[in-house]
Structures are given as C-alpha cells and as structure tokens.
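Next come two complexes, and both contain chain A; in the first it sits with chain B, in the second with chain C.
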Partner chain A sequence: MTAQTAPAPVKEPEHSAPEKRSWWRDDASESMRRNLGLVGVLIALIVVGIITKPDLYSDGAWVRSNIFTILELASVIGVVTVGMTFVIIGGGIDLSVGAIIALAGVWSTTLATQDLGPGGMIFCALAVGIGVGVVNGILISYGRLVAFIATLAMLVAARGLAAQLSDKQTQVSNSDFINGLAANDFLGVPVLVYILAAVVAAGWVLLNRTTFGRRTVAVGGNPEAARLAGINVKRHTLLLYALSGLCCGIAAIMLTSQANSAQAAMANLYELDAIAAAIIGGTLLSGGRGTIIGSLLGVLVFSTITNLFAINNLSTEVQNMVKGGIIVAAVLVQQVQFKSLSQFFAKNNKITTS
Partner chain B sequence: MTETTEDQSAEVVLRLTDVVKTFPGVRALDGVQLEVRAGEVHCLLGQNGAGKSTLIKVLAGVHRPDEGQIEWLGQDFAPANPQAAMKAGIATIYQELDLVEDLSVSENAFLGHEPRAFGFVRRGFMARHTREILGKLGHAEIPPSRLVRSLPAAGKQVVSMARALSHDARLIIMDEPSAVLAHDEVANLFRIIRGLTAQGIAVIYISHRLEEIREIGDRVTVLKDGRTTAANLPARSTPTRDLVSRMTGRTIEYVFPEPVPAVSGAEELLRVEGLTRSGEFADVSLTVHSGEIVGIAGLVGSGRSELLETIFGARRSEAGTVRMAGKVLRPGSVSAAVRAGLGMAPEERKSQALLLGEPIYRNVTLSTFSEYARAGFTNAGREIDEANRIADQLDLRPRDVRRAVRTLSGGNQQKVVVGRWLLGDTRLLLLDEPTRGVDVGARAELYQVIRDLAAQGVGVLLVSSEVPEVLGLADRVLVMREGRMVHEAPAGQIDEDTVLDLVMAGSLQVEEVTI
Partner chain C sequence: MKHAPDLSRRRMLLGGAALGAGALLTACTSNEPDEPSGGGAQTVAAGSNGNAAPGEKVTIGFSAPAADHGWIAAITKNAKAQAGTYSDVEFKTVEAGGDAAAQRAALQTLIAQKPSIIVLLPHDGKELNAFGLEAMEAGIPVVNLDRAFPDPLAYRLQIKGDNYGMGVSAAHYIIEQMKAKNVASPVIGEIAGMDELELTQERSKGFTDTLTQAGFKVANRRAARFTADTGQQEAASLLQALPKMDALWNHDDDQGIGVLAAITQANRSEFIMVGGAGSLKAIQDIQADKSVLKATVTYSPSMASSAISLARLIAQNKGMSDLVELQVPKEIILASETITKENASNYLKLGF
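Showing the complex of A and B:
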C-alpha cells in the first residue's frame, strides 16, 4: 500500500471541459449500436424476401400492404413486450402474460360484460389485466416469492380461471367497435398499428423521461443500492407487474378484435415470444439494462421472419427452428460484444483503481 | 500444552523468503518471511489490509507470488491452482466455509477426489473413511450421511477440517476460525487443533483475538503493510504492547486535515438509545451533534456495519430507538431516515451503493432525482448541473458526469456515493469504511471532504477498521467489540494502542497477562 504504482492524481485542468467523445463510443449509444444491428437484421430479412419473391416485391401496392401485415402481426405481441421489457429491466420476469391476456379476453367477452358495451368491455379487460398484475406484484414483492415461481403459478391459475369462466367455449364478440379495431384502417394505416405505436411511444417516454423509468433501471440494476438511496423497491416492483398486466389488458382487446372472439387458449406461449423479443432487443435478463426500441425491433424481426416464411409457403416448423436459432445467435453476438467491453473495463480498472 | 511444540528441532515444513505479490496499484505482499514447523500452531497477526488474506491465497494456490521463494517440505513450491496446493498437503479453511450445503458430510469431505471404482463413487468406503477422520477429530457423533445444511456452524467447520484431513494435509491454514463460533465451541476447536498438532500437522492460525493466540498459539508472526515486522515470537510470553506496536508502527502516511475545534453547545442531531438486534449488537446508545465527527472503531464482525445499517433503517431494530433531531425514526424504513436527513455510504460500494453501468450524474442524483422532476418527468439538465456542482465540490476526476461510474477509480466512486447525500438535505452522514480500496492520495481528499462537511454543520458517524483513521478524523471515538460499545473517549484522549487493546480484548487488563 505504500508504493503506489498508480499515477498520483494529476492536477490538470481537465475539469470544466469534459472531453469530447464521439457518440459512437459513448456509453449511452451502446444500446443504439445494438439497435442498429437489429435494423441491419431486419433489412437483411427483407432482402431475403426480395430475392426469394422478386415478383411480389416488384408490386408497390403489395409491398405497402405487406408492411402493414407485418406490423399488424407485431402489434399484439409488441404491446405485451413493452410491459415485459419494463419487468425484465426491473429485475423480474413475467411468465403469466399469455394467461392474463386469455383471462382478460374471456372476462371482457362474457355476456354480462358485453351488455355494458365496448366501453365496459375495454374497462373490464384493462381492470382484469391490472388486477392480475397487482396480485403478481404483491406475491413477489411482499410475499417474497421468486418472480419466476409466482408468475408460473399465475400462468396456470389464470388460464384455469379463464377456462372456468368461458366454460371452455369460444366467446364471440358482438361489439362492432371492438371487432372494428382489427378490421378498420385510419388514414390507410390499420388501427392496431396505431395502438402499437401509442404503447411503444408511451413506454419509451415512461422509461427514458420519467422518475418511474429511472426507478425501474435502479431497482433492476442494483436493488440494494436503490433501497439504500431511499427508493421504495417493493412498491416499485409491484407497479412493474401491474404495468405488465395493463399491457396484457390492452393486448387482450386487440387479440379479441382480431379473432372477433376470445377463448381460454388464446395468446398461447405469448410469454415466450415476448421474453425472446425483449432479449434479442438487448434487454439484460438479470435486469438494469434494456430499451423499448430494442424490444420493438426484436418483435419486428420475429414478425418479419413469420411473414417471410408465409410468403414463401414454408411450414411453421421450419420457422420455429429458425426463430430458435435467431435467439441464440442474437444473444451470442451480444455476449461477445459485452465480453470485450467488460474486458476493456477490467483493464481500465487495473489502471485507475488502487 | 507445551509438549513438543516449543522443540527447536521440529522439522521446518514451510519457509517463505521475501515473498512479494503486487496487485495493480497495491503491493499486497512486500517481503514476507514465514517459517512454520511441523506440529506447531503458528499465528499470523496483522491489521486489516496487512496482507494476511493475500498470504493465505498465495499458499492455497489462488495467487502466484511475483517474487520470493516458498519452500514446502524442503522443495520449491509453486502450486498452479488450489487443487495442486491441496494435493501437496496444504489445506485452507476459509472464513466463509466452502462447503456444498446440500451434499452429505462425507460427500463434502471427499468433494473433488471421491474414491471411485469403475466410474462409480465408492459410497461405503467414503462413509467409512469419513467416520474414521471424524473420529480423529473427536467428532465421531456426526453421521457421514447427514446433510451439511443441517449442521451448526461449528459442525460445518469440523467438516471443513475433515476435508483437509481427507487430503492427508500436513499444513492446515485457518482464517479466523473462531469468528463464527460461540465461546464454548472455541474450546472444542482448540481441542481439535491440539489433536492435529499432536499428529505432527502444522496449523497456521489467524485471529484478531489476542487471548486466543495466547491460548492456542506456539509462535507468532506479525504482518504489517505486506511485510513481516516480527517473526517467530513466542505466543505466550510476548507482551501485548510489543505485538500491538509491531502491528501498528506507522508506514502509511495518513494525511489528516487540521481538526476544527468542535462548536460547543452544538445541536444534538442523532440520539440512539438501547438499539438492539440479536446476534449483531445489543443495547447500543450514542449521540452525534451537528458538526461533529464520531468514529466507531471495531473489527469486522463487531456489529458496526449492522449498527449503521440499522440506524439508517436498512435493518429493522428489535429494541431501542433512533431519534433524529428529537423525532423518533420509524424502524426499518430507509425512506423515513432519508426524509429525516440521514444519508449513508455503505461498506460495499459496488454492490450496495452504485449502478455501475449508469452515468455518474444518475448515481449522484439517485436519491434526489424525483425532487428535480416535474410531474413525474425527470429533469436531466438540472440533474447534470447538480452533479457537476458536486463534482466541482469534491474534485471528481474525470469531471465528465456522463461517463459510466464503472470507469472511475475507487476513490472517485466513493466521492460519487458521498456526493449523493450532499445534494439532499442531509444533516447526518453515516460512513461505513469510507476509504476501503481507496489509494493514498484520494484518501487525503476524502478526509478533507468529510472535515469540510462537518465544518458546514453536518454530523458524521464514521466506521472504520483502520484505527488511525478513526483517531485522526473523529472528534469523539467509540469502541465497539462483539456487538457492544465498550469505550467512549474524545479523540485527543485515547491512543492507537489503547483502542487496539479494546478492540481485540475488550479490557485494558490484558496487557498484564504474561504466562
């Protein structure tokens, strides 16, 4: 400890004027670089589409409608993924999203609820989503259950309740307003795409511009530090699951309108799609890092692949295999990036810390 | 007790000559000499940071020395990894026992070198052998098939020793083995150690408790700042004063700012009365006044960090009250403490205080960002301005508050943690080991920061295991030992040796004990 090999603090006027670093190397732009990578993947997928189906892509009207097809395909899962991204950044996981959608969808299409009109149905779906999310949150933050276990239990239970409520029947929606959400366009753009855009925009603002978002990053990045800084970690964790539930409520309405009906088996395995999209979008599964834009790109990559296989008349089996490969590849690529970065910091630490 | 162990003719099994180990920025070992004979209990004594842990890790094959010679059983010894050291006959029992809780006693004892036949573990043989070893350790009553999880701390320690013996260890290193034990269990530990040494096994024993060293030790080697300052002192007859002075004789230059005479009649900020958490600390009372620095000296495990966290509400007290400016704080509520004007820089900077990947400014404003927010929307501009102000005030380097905290040195990271509390209306700052892992230059700066804060009327309650730091910085010194406050004195009226005596023995009488 006596001999200091580290250079003594040099009192140079390096303060006041922070060195200009290119945005490319900036820490804040690390996620932007990752997102650009995903945009690259998207472009590559479209190029593959153009190569395999040049006849279709030469038709401008088809291209336009196909873009909306992809976006509509992405809309429901995209909304769920926004909520999931918050939960994962906050250090948790929500395996029950698919089941919440099913329960909210079924509950809002019971005859009793449908009597209340579209407003009542929407309110019901959102309330059920938030309600189930709050139960998840209470179990996890105050009941001290591991998020994985609590939401796994909810996955089973909520679908069971949905089956009970619907008596295992498909419940047809008689509301023209609800059904019209999926069928109608506004200014040439499908209504569902507007909903997706609104949720993504709200999610982005919430994460990046509000105290709620800041707390989410703090709670997920270092819960102990957040707690010792005076942040109410438990309450915030609860709110995160409620938010995820709210997104599921919205998704339930969208999905109901797409099918004109709801049933207990709807939104099957959506939790896996949402988690996968968030992860390839760069959200750290251990929490503390992630972006809404990245998650959206992750969803778009998946729906573009689905679309690509559909226009080429390939089976969903092959499609699933490719999706699995993409998840692995995306995480591997990020790990390599992260590893070299952490190596860089490890070196840096050796020089700067005592 | 003094059977063969004082025998000068006993074979030297381990000899270290001028061993040096450098970590970036720190010379952890700077010329260590050590000589251990077969069948002796050799005690290592030294303050925190003296290099004991590094030395253990060098012997255990975790670190490789940069310079110097290690001779083991007459041959050069350079274990490539812990397994190699174990195979060579050097076993280490760490403070945090490295047992697999969900395996049985015998499986733990033979972990990594299970007796095998045709690829199958010979369970019967293993159990028999384990029973044999446990018998040797005087604990035949522990069934080899029992899960380690179900054993008490003392039992786990026995299993660790059984593992060492299953390797036919000829040297067992014990890092503060008594720290996890109750008083009567220590006697049992000593019985086991005596049994081991009677079989010619050498033991390196590390403890902060002088009375233990006197009871079990044969010879003592004292380390200070990575150097051997005294080798092979007789454990029983060396006066406490000698041991203590060899542990403390200054080489680190602590540069403390000039003390500011405390304002008399300053307002009382913090009053703690009868605070208790069973197993951690009991019946602690103290006060801190505005502008006063109160230092708590105590060893790791004396309950000092737990005390600070309890005052701050991060742990819930079982009895007693914490008053801030006369108002009782709700127990177990950090936010109540923060609202009342308390701030804390916890012991583990990285795991308890910082978001390493986030920018400096967000770390500085972690407890205040919602105050700058308007209707829930964060105000990044204001946050950056405030963080810049703090960076100027604390001379943070580099000054760019948008950088990730991870890229800062330890001292500057600590400034970020302290700076966080300068932003709010913090009137009392709890500092737990504020200079751990901080280099000398940054230390002096942190001391200045702490003094400046006190001069502005902030009360400071400081915990440090470095006694000179407590004495140099604090206006008033409290000594904590095994969960209790054992002494209180103005900083000018107590010296380092006295504090160390109190910290280790709890009474000033120990120096008279010479056997």
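Showing the complex of A and C:
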C-alpha cells in the first residue's frame, strides 16, 4: 500500500457525496458523534463534582492534581483497553488480560528478575505478556478454540502460575526506577500519563494509518471475505492476541510501579473493566467496528466516576451499581440516539421540506 | 521462491530469539534470596515448661484454604513449623482446595485416617459447621482457627483474632496521638479491606464506635480488596478527596504496601498512618520510622502456632500449665496489640 492511499479510503466517497448531508447524519462521522456523547458524559460528571464539592473545585492546584489523579487511575486500564479494542475489532475477545498482568507482574518482580535491574524487569514483563498472548493466539487461530474458552482457560491458568511463582506472597519491588515511574513527574505531568498517551497514540496510528489496522477491521467485519481478499486471517488473529499481551505487559509494569509490588491477585477483573470501556466507547462486540479514542473516553468515564464517588465519600457498592447502569445506558443511548433518532430527524426533515 | 531462504533465516532468527527469551524467562522465576534468611515462621520455644516434655504420640490433622494472600500462607507455614518442634506430634495436612465444598471433601479423607485431633481454618465457618459436628461425633476433637462455627457442639476449641478489637486498638492509638498533638477535630481517613466480608464490617465498627466515644468521626472511607494494587488506587482517591488529613487507618498491611506507595506518589506526609495485621515489612517500616506509618494493630497468624500447641495438649489430655484448670479452655480470642516504634523489636519475630 502506498502512502497516498493509506488513510481511510473506504469512507472517502460518502464525504464527497453530492447530496448535502449534515455531519450529524453522516455515517462516516458516526464514531465522532459517539465520542462527543462520551465527552458530554465526562463534562456532566465533572459538573456534578463541582456542584457537590465546590470547596475542593475552587482550588486551582487541587483541580489540576485531580485531573492527573483521574488520568493515572485510568492509565493501567487504558493501556489494557487499547489492546482489548484491537482484539474485539478483530472479532475476538480476551478474558485473560487481568491474569496476564498478574503473571507478568509477578514474573518481573521475583528476586531473580529484580537482580537483573529495571531493564530485566521490563523485558520480563513484556516478554511474558507477548508470550502468553501468542499462546492465546495459537490456541484460537490454529487450535480453532473459541476465543472465549481459550482466554477463559488462560485466565485460570495464568493466575495459577502466578500464585505458584509468588508462593502466594506479595512481592515488593525494590527498583527505584520502576517505583519512580508512578511517583515522578516530567514537565509537571506524571510519567504514567505519558505512557498512556504514547500507547493510545501508537494504537490510533496502528488502527487508522496502517495496513495492519485496516486488516484488523476487515478480519473482524467478515473473516471469510478477508481471507478471500488475501489476508492471512489466522496469522493476523495470532498477532492481535500478541498485541493484547504486549499491552498487558506494559500495564503490568505500570501497575507494579503504582503498587510498588506485584501479587497473583493483582489486576483482578480488569478484563471486565477493559471490555466495558471498549463497549461504551462504541466498539462493536461482534467485531469490525471501534475506535481507540472512544475506548480511551470509556476508560476516562469510569475513572472519573470512581473519583467522583471517592471525593463524595460514597461507598463502592453504589459506585458499582452506577457503573453497571452506565454501561447499559451508554449502549442504549448509542443505539437509540444514533440510529433511530437520526432516521427520525431525516424523516421529519423530508416531511417539512417537501 | 527467491525469498524462501531469506524467510527461513528470519524465522530461524525469530525462533532463536524466542528460545533465548524463554531461557532467560525461566531463569527469572526463582524467588530464593541470595543469603539464607531465618525461615520466618513463628513458633513457641519448646522446653520452658512441663508441657513441652514429650508425651503420648498424637496425630494432628490440619487444613487451611489455598489462598493467594500472605496471611493464609503464613498460617499454614506457622502450623507446620510449630508441629515440627514437637517430637511427639505427627502432622498431616490436606490441601483444602478452592472452596468450602472442596475443603469438605478433603476433610473426609482426613477423618478416614483417624487423626487424634483436627485443626481447621475453614473457608467459611457456617458452611463447614456440619463437618465440625460430624468429626466431634466421631470422637475427633476439632480446633477451629479464626473463622467461627455457629454451633458450639462443632468444636472443642476455638481460637481467633479480634476484628472488632483491631478497630478499637487503631482508634485508641489515633485518639491518643491526636490529643497529644492538640488536634480538636481531626480529619480521619479509613481504607478498609473487602467490604463484603463480615470481618471488615467488624473492624470498621470497632473503629467508628471508639472514635465516636472520643467525639471524632471518619471523614472518608474507601474499601480496597486486600491487594496492594487496589490499596494504591483507593488510597490515591482518598488522598485526593481529603487534601488535608490528620490520621489514616488501613485495615491490612499487605494492601498497605500499595497505600504507602500512593502516599509517596502524592508527596503527602502531614498525617499519621496506622496499619493492620502486622506484616514483617510494616513492622520494619515502623521501626525505621521514615514513612507516615507509625503503628500497626495485630491480627497475627501466630494463632496457627498456638492452635497446634493447644491441639497437642488437648489430644494428650493436658491443660495449660499456667492455668489451674486441667483442660484447655474452649474459646480463646487473641487481643489485638498495637505495635509502635518503641516495641517493634519485640514483634519482629511475629511478622509475616
């Protein structure tokens, strides 16, 4: 593929369609409208925060540090969700992400690994992440296991191995470099936020500006058509799970640095958080559609809710109920608002103009 | 076809790299410290009183859940180590598996081996109550460790920690410190453990009850999940919610690793922190006195060692030598002790 034809050629014709359609009803900008909806939710949450805690929000320095707290809270899940978004767009699902983080985190904090220094720890976390992802990929693409089953099995097995390696103990990280990732700022912005931004940017480029990304959408949309078009679907699926594993490896380092430690029970239920964030970000669970920015916004909505509940001293139970409600509401709103509502307006428009 | 050799070379390189990475990774799984440490199990030194003298041979059966938490791991380790100190004890342990049903099945095989006595940390006291009754019926005394059976007929001895008392001790320490600093209405934070567990509720109740008596209240309470990463997340949120704090109680020292990490990351140091359970790292931190952690209230897995000692006495039909009674009492609730910088050195050997 040459450079000129690379960016989203599929959607081009609709933009230049002769009949004038407002961007609101334009199919191509549908994902942008979804994202705007999520930005609206985010703003609403922050407004609720301002109303309920005006004393805190009146302090500029506090607001600044609160934004970074929300971003840091979102950073680990955000990185996982980027990988998850690729897997889901490619028509799969990865239930093992939390377990991979635990295994990679535990593996990279064993005493033997810590002796190798931060470089060795980072290498171990990334290699374990990719390795487990590759095993998932081989099982699913060449072993013909259903993704749900293969990654569910990996969830159990990887946590088991992590518990075995760590002897069920919490392994404290003594590396100043690793622990510093979460504690240090660079130019006033926490290092973890840079990592999140870098992973999101890389994911966006990979999905929207490379053959790999186009193929991912094609494989997820219709694997048979993709195969007939000459895409090696099996190898591509394998690569998607390896990519998700890589993201988990990065997330494991981030989480280890945040908690200054790793243990087999860490990153519990992160798979559900990542899937939920991707879904409310507009990624289709059956594959073929989704955006990285949408997923990031999904993660931010969740971490903003967590923050909002914390500063108002509300219990985690209420928070979980609200989270569940928001997942359902987000999907419902997207269906209603962006399909029927635009059709409804289109119909109305026709009646009034004709 | 021209590309074929290229491809195979690339594959060779890739394969070689993967193998190398694999070899390096497998080398990284070791957790053996470079210099041998003391083992760290908590045992009662034998030989100080008459009960330590070898007596009748007894077989102690033991079962505890296979948990992913440092505290339970310490329970099993302590029990084994304590049994090892007695020449007249044969120690039989069965894997309890992942849930109450698995533990019940494992215990059936233990009963079949006819041990003199069974020491049991059940997954759930209520669910394994029936097993306790059955074993007692069969003439095998049961020592319940920490998670109580509702039915008094289901156990010979119950030894457990004091969750309510932990909250009380933590609150007492905080009240004392606040009075010493002349803080009239302190901002107090609490980071609890898993909120759905009864023990967490008891701890929080003890904490708030005691604070209320002193006219203090908890300004913000977050519940983590006994793991360091959740501790860090909840602590980060709590610190954000309370820009200025005077005292913080964290229920569990394992999750405290994450709580302390969050405090360092947020650059906060204006408050004092009290921990819970009494892990070795927490005790060392308190002794070093370089962080906000000034004290921890115990919920020590040393109770497993005591349970084995008492089980031996029950099986040998002896009493506790310091008491007048000729039999071991039926119920023992450990006091929750407060470890501070002053007494930390005494507790180092009890840290897990």
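To be clear about the criterion, the second predicted complex is superposed on the first by the 312 of 354 C-alpha atoms of A that agree within 3 Å, B and C clash if a C-alpha of one lies under 4 Å from a C-alpha of the other, contacts with A are read in each partner's own complex, and residues count from 1 in each chain.
Criterion: a residue touches a chain if its C-beta (ideal position, glycine included) is under 8 Å from a C-beta of that chain, and two chains touch if they have at least 3 such contacts.
Being a predicted model, the structure only gives us computed values, none of them experimental.
Student: Just to be sure I read the superposition right, which of the two partners does A:Ser286 touch: chain B = first, chain C = second, or both, or neither?
Tutor: Neither: A:Ser286 stays clear of chain B and chain C.
Student: Quick one: classify A:Glu224 as touching chain B (first), chain C (second), both or neither.
Tutor: first
Student: Examine A:Asn260 and indicate which partner it touches, taking first as chain B and second as chain C; both and neither are also allowed.
Tutor: Second partner only, chain C.
Student: Applying the document's definition of touch, where does A:Asn320 land relative to chain B and chain C: first, second, both, or neither?
Tutor: Once the two structures are laid over each other on A, A:Asn320 reaches no partner at all.
Student: I'd like to know which partner A:Arg209 touches here: chain B for first, chain C for second, both or neither.
Tutor: A:Arg209 sits against chain B, while chain C stays out of touch.
Student: A:Val172 in the overlay: touching chain B, chain C, both, or neither? Say first, second, both or neither.
Tutor: second
Student: On chain A, what residues does chain B touch that chain C touches as well?
Tutor: none
Student: Which stretch or stretches of chain C touch chain A in the complex?
Tutor: The touching residues are 21-22, 24-25, 27-34, 66-70, 72-73, 195, 219-223, 225-234, 236-238, 240-241, 243, 254, 257-258, 260-262, 264-266, 281.
Student: Using the touch definition up top, name the residues of chain B that touch chain A in the complex.
Tutor: It is residues 22, 24-27, 30, 49, 225-226, 251-252, 312, 314, 334-335, 337-339, 344, 346, 351-359, 362, 366-367, 369-370, 373, 376-378, 391-392, 395, 397-404, 406-411, 420, 437-442, 445 of chain B that touch chain A.
Student: Once bound in the complex, which stretches of chain A touch chain C?
Tutor: Touching chain C: residues 56, 59, 62, 65-66, 69, 72-73, 107-108, 110-113, 115-116, 120, 123-124, 127-128, 131, 159, 163, 165-172, 179, 182-183, 255, 258-268, 306-307, 310-313, 315-317 of chain A.
Student: Spell out the part of chain A that touches chain B in their complex, as residue ranges.
Tutor: 1-6, 8-9, 14-16, 18-19, 26-28, 209-214, 217-218, 221-222, 224-232, 288-289, 345, 348-354
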